[in-house]
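Multiple structures are listed underneath, in structure tokens.
The same chain A turns up in both complexes below, where it pairs with chain B and then with chain C.
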Partner chain A sequence: MIIRSESRTIRPFEGLSAAENIFSRTLLVIDGKEYEPGSLLLPGNQVRTSNLTIKTSTNLKEVQQACSDAGVPHKSARYVVFARSRMLRKSTIIYDHPVDRKDFLESIEIDRLAEEKLVFGDQSGFEISAALILWDALDKQPLKVSNPGTWLGRARFRIRPESDFSSFSPLHLDKPTRERLGLREGTYSHILIQDDILLLEDLSDGVQVYLDEDVLNLLLQDESDGMAKAIQTQLAVNTITSIAQCIAQELKASSKALEDVSEEIGASRFIRKLAADSKIAPDDLLEMAETSPNLLVSLVESRFNLSNAIERLLKEN
Partner chain B sequence: MTSPLWHWIELQKLGGASGGLAGKVFKGIDTLTASDLLAREVIQNSWDASRKLNAGRAKSKRVPFIMEFKFIELDGQDKAAFLKVAGLSEIYEESKSMKKSDAEVAEESFASINSKTPLKLLVCSDFGAHGLYGSIDMGSDSILFRALYMFGDTGKAEEDGTGGSYGFGKSAFIRGSGIQTVFAYSSFAPLPGDKVTRRLVGTTYWGSHRDAKGRDLEGRAIYGDPGAGEPGIPFEDSSADALAAKLFMDKRTASGEENLGTSLLLVHPQVEAEELIESIEKWWWPALVDNEMEVIVHKADGKRLVPRPMNNSYVRPFLKAYELTVGRSKQSNVLQESLISSSWQDVEGISIGSAALRVASDEELASEESEGGHFPRIALLRSPKMIIEYRDFERRRVAVRGVFVASNEADGHLRNTEPAQHSHWDKKKSKEIPAVSTAIADAVYSKLSTGLRKFIEEVSPTPPNERETLSVFSELMRGLLAGKKAGPTLPPRPSKMPLEIHFTKQPTVKAHRDQVFTEAIFKISLGPNAEKKPYDLRITADFQILEEESDSGESWPCHVTIAKNSANFEVISTNELVGQIKVGEVIEVQVKSDLYDRNWTSKLKPQVEILIEESKGAKK
Partner chain C sequence: MQYPTVSLHSYQRFINEYRQNSPLRDKPEGVLRGQGEDPLNRVRPELLRLIDDWKKTIKKIGDSSAKKEELEGELSSQLFRVLESLPVSMLTDSDFWRYISSEYFFEFTLWRDGEACALASFGASSSSVNFDCVPFRMFNRGLIAFTITEDINDLEYAHIPGTDLWRSHILRVLTSYSASMSQAILDEYKEGKLPTAVVRDVAKSLRKSRANIVFEVLDLDQSAEILTREISKTLASLNR
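Up next is the complex of A and B:
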């Protein structure tokens, strides 16, 4: 079945394109590296200690023009940066600038110590948003923002610790686990993927990778060994192709296109990234996962340059 | 020779239902035990009768509803007297002519009944309910007739807010008796044309069979008053009281509405008192904690048991979520709970209900298997306050318990979608169920699933790193999961799919008085990878009103029209076109939504599907 679709989210206001444009350029600088809005996975210690700066990539004139375009008086709008912790659900406003005031900061450094520690101390991560917000109630008119709190444009950065994808670190596949999973004796690896994979923001929450416990222990003894690297690479190939196939199947089963899945969902990011890395269109990747899984395996092997790795290994031995 | 006590009904010339059907309705429902079925169905029937009796009355004026389950054990002369009065030997004799499966069930049960062990009985009595009023001559106007003489239709489906709707409730108590035999003794207010206030009748339900005399029987037999002139007529008033006493049932009276109700005597019950009380707690705790009913179980030794939901480890984790759902407590500021329905929109103009979720503590779930995580579980209920279903969702690290309470508006729709056992809401479209009802059921499950996902994301702690980290493997996987570093964005790769779809006029919102609508134009053409042949296409436009912070929501009407190159396409429904396209052709389609609230965010998704022969056929 060949289906193509496009989708657009439509806010019921006019004159927001300037605001949206401003926030599409907003960056979060983490220890000197710039990141675009979206979900970011960082090592745990970086989540706890990194230097964070919002680079607005705009100026007051542009912000004021965005307000004018939306029919919002400058005095009734504010540029704000705020953060919210993931588990503790505490929020804090980091920067709050009335748009009719001059001293607009184009770069906003986040002082972790001065800010609410329950936000930036949350080991599960936090979300930082920059937004242009209507502060005062305005007369209600169709196509015009009027309710206080309505955002004209915004950028969101969701920061998670890398330990969130520790589930991609394999679990022991021992006898009781084999029995529980209905696997036969001698099974060496198994990839278990939940059927709500299209709902999970963290893909790893829905994927469990099992590896024979003896093999796993041997791999851990010397990870620099060529054979250990090759086995791990092969496991990564299997895992990635299994996930891609499962996503393709779930999309088909729910009559959805990739367009329908928010980019905040892990499955969406996974397919788009794999497609971009493999230099094919995401829809083609999904089609391949569904109809030609062998080609997909080749594609992923190619991405990891598996032939070189194996060749090196054989030469080493 | 004395006349038989039980009247076996012959199959009608033009056929009819087998009596065995009554016991089979709930057979094979492995999620509900015999005790669960008895607790759910018997109380539901009685509770419906109480709610009907109290309909339209202020809370302070309502007659209290009491449900009693009394286990009795008879031995010696008492047992012998009961067996004789109840004529159970007649059923045993008849069972020898029945089909093998029925005969074996009867043989097993009668082996116990006829042994020296005490005979067990269970009397289920409700008080403060309207009772089984109406002479059976009144046909379907008689509650007694509908409850015990008919099968599959109680007429309750037309009444709002009832729990039952199919008239299959008797199946539960029939199955509750090892020999599928029940005596019903009821007291009720007299009717203008029927001054009787008590009636008693016995029924037994087996499969159709041919008896020793060669008669084809339904399998259903009625124990009626031999003095009534014709078989199968209930005992009335004083003769009913006299027989009840011989059957060891407490006397019923119609003096005062608080005494009205029905006692069902189950012979050789298949449940024990302790499991029954657990089932009552499990399925009826909302009505119990709201003090809307009083339930008592009397054990055969005289010990009195009452359901205590707070002490039931299965139920306890749901209680706080329920308080939040019904608005008796406010959402705590400290993380662990959420009223997820606060941002829900109406479905088909109907508010569907309220739902709250809460993280259950380890202590609360001490008895639950937790290896590899927990199954989030949400209790679903309607206005009768019986749990319809404990819905489990995908296993997660965090244990969540939640409650969904249907609104009064959605109540009837959800009831429409329930199967005979009232065990879930069916969201599949069907000819037998109004489309709006299945749409509401679908919306309930979908909103709960989305709300649960978001809630779990918010409250999930960082997972414990008990796993072994393989550095090469993790590094390879990391590349596909980390965020996007700033840098030039490459243009999207063109797809190899033969179809192309693009907006030529981006969706634009326009005002109409105090509301808005959306307009857009998109074009469809064949791409460079298309074969040189015509393609049959189905083009649809899906327009949705999004819920807060969500990427999906309720479908909203929109209309498609062909803006350009229309010759080979026709509009087959408001948002659907079918036709043929050739290489080089471009089809332009205009979409316009219905009016909607000027504060709502929406989503437009045009979609094109290449029709293959089978799907074209299916469409036709």
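Up next is the complex of A and C:
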């Protein structure tokens, strides 16, 4: 007998559309420029020193209405802004405002010097979230939020440095590395993907891209050279398609759909971003990766024919 | 400010040479990043003392994996105390952790994770170090303990042994951003209420709960309640 198990992340609540609508409008203002939720690549010095403000794009009346729609008493909910270091296991709550209190800030300035240094001093980046959260336990009722900590709506901003070495920057492929990886002499490139890729929050932790050391040294001498760009582009296309194929295979092997994988997992974000950029459905992209890899290569080549566009995509995920 | 760093490539090359018993091998030289005073110089004597203490202790504990785990826990709190005063820009630079690994923790890593351990144990498997890197995971273990107690003199939580618990269910997952949930897990584990046989399933359930619940805002009672519920559900599903 074949037993097929499935698990899905579900939000089994009703009345959340007003809250979701509020947080779809939330913006992060960085040195005066507004950004929508998602991954943001910034110059390194801006990651370390920029002025940050959460622009809620809402008001207390609207937030209270969102709580009422969800069946949550105003006194039991809070508008919260919190942040996490990317590299260290440290988080901090920057702002938590009871929804029944009047002095709601529509713009929340983040004082980086006063806030947790292990979060905002992380030169590899950090994540800021704004959320409307149920603060107290409520009586359990069908389709109603009841557990404290449950978010009604949320916006997340992942800030990373542009020179993010933890992305898919190629590593040197030299003789000892070839031997260690079991590759033959003369191997020009290699993409190593860990088999626990569906568990990794940061996809780059599980993907290593190797390039022949002489070629890589030449590339590093002048990355703007035409040949260097072509090599980078080809390597990026190979990397993207290999990762997509690996994710498709792992999903199939574990009898999971993409919806089963939390958005906190890098593989989920990667597939969704690639699908959105390619203007196809994520499930169609996965099917293509599994059944027609050559078509996937063509798709990636046609969609990302500029190396900087590919590099941006890689770094964001 | 300046501080020493070791690049991924030079460290990988050294490890390869070490494993091939190359007579030419030299520890990778630390390359200074930045200018001015090096804050690491202030704590180098304490780092050396920590490693000396470890060398003295290993003679007593032999090759027992449980004892090794205990010692890693104790050294985690000491390492955190030594390094926590360093600038965050150093502590969040992977090349700095590779320096710490190569200069002070190379032999310790081989002892702890085994001679044939993965490059990740040295922080040398990818550009960014992850929680398999021995000194980096030890520092974060101390950091989590400090976040729980907020008392630098009380880092007992870091001493709770449990290699798999720490690596797979605390350090590597987002759950550990929540001090209260980390504390609840460690309390239950220490008291034997989170048996090793169910910890994996409970951690999986917590991951699912995390999709809807922001653990960072919970107090200890709330975290403990969620954890207890998940443990009960898991035990019931296993008919225990």
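The definition used in the following text is that the second predicted complex is superposed on the first by the 191 of 317 C-alpha atoms of A that agree within 3 Å, B and C clash if a C-alpha of one lies under 4 Å from a C-alpha of the other, contacts with A are read in each partner's own complex, and residues count from 1 in each chain.
Quick note on the criterion: a residue touches a chain if its C-beta (ideal position, glycine included) is under 8 Å from a C-beta of that chain, and two chains touch if they have at least 3 such contacts.
Here the structure is a predicted model, which means the values were calculated and not measured.
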| item | value |
| --- | --- |
| First, second, both or neither for A:Glu259, with chain B first and chain C second | first |
| Contacts of A:Asn238 with chain B and chain C, given as first, second, both or neither | neither |
| First (chain B), second (chain C), both or neither touched by A:Glu201 | both |
| Touched partner set for A:Lys117, first chain B, second chain C, both or neither | second |
| First, second, both or neither for A:Glu287, with chain B first and chain C second | first |
| Which of chain B and chain C A:Leu171 touches, first, second, both or neither | both |
| Partner chain in contact with A:Leu143 - chain B first, chain C second, else both or neither | first |
| Chain B versus chain C as contact partner of A:Gln46, first or second or both or neither | neither |
| Which superposed partner A:Ala228 touches (first chain B, second chain C, both, neither) | first |
| Per-residue contact with chain A, leading partner among chain C and chain B | B |
| Shared contact residues on chain A - chain B and chain C | 7, 9, 11, 86-89, 123-124, 147, 165-167, 169, 171-172, 201-202, 204-205, 262, 264 |
| Chain A-facing residues of chain C, complex | 8-9, 12-13, 16-17, 20, 87-89, 91-94, 125-128, 130, 140, 143-144, 147, 171, 173-174, 176-178, 207-208, 210-218, 222, 226 |
| Chain A to chain C touching residues, read off their complex | 7, 9, 11, 48, 78, 80, 82, 84-91, 93, 96, 117-118, 121-124, 129, 131, 133, 135, 137, 147-151, 154, 165-167, 169, 171-172, 174, 176-177, 179-180, 201-202, 204-205, 207-208, 262, 264 |
| Footprint of chain A on chain B - complex, ascending | 335, 393-397, 449-450, 453, 457-463, 465, 467-474, 476-486, 490, 492-503, 506-507, 509-516, 518, 520, 522, 546, 551-552, 597-610, 612, 615 |
| Contact footprint of chain B on chain A as seen in their complex | 1-14, 27, 33-36, 38-41, 44, 86-89, 123-125, 142-143, 147, 157, 161-172, 194-196, 199-206, 216, 219-220, 223, 228-229, 232-233, 235-236, 239-240, 257, 259-262, 264, 266, 269-270, 273-277, 279-281, 283-284, 287, 304 |
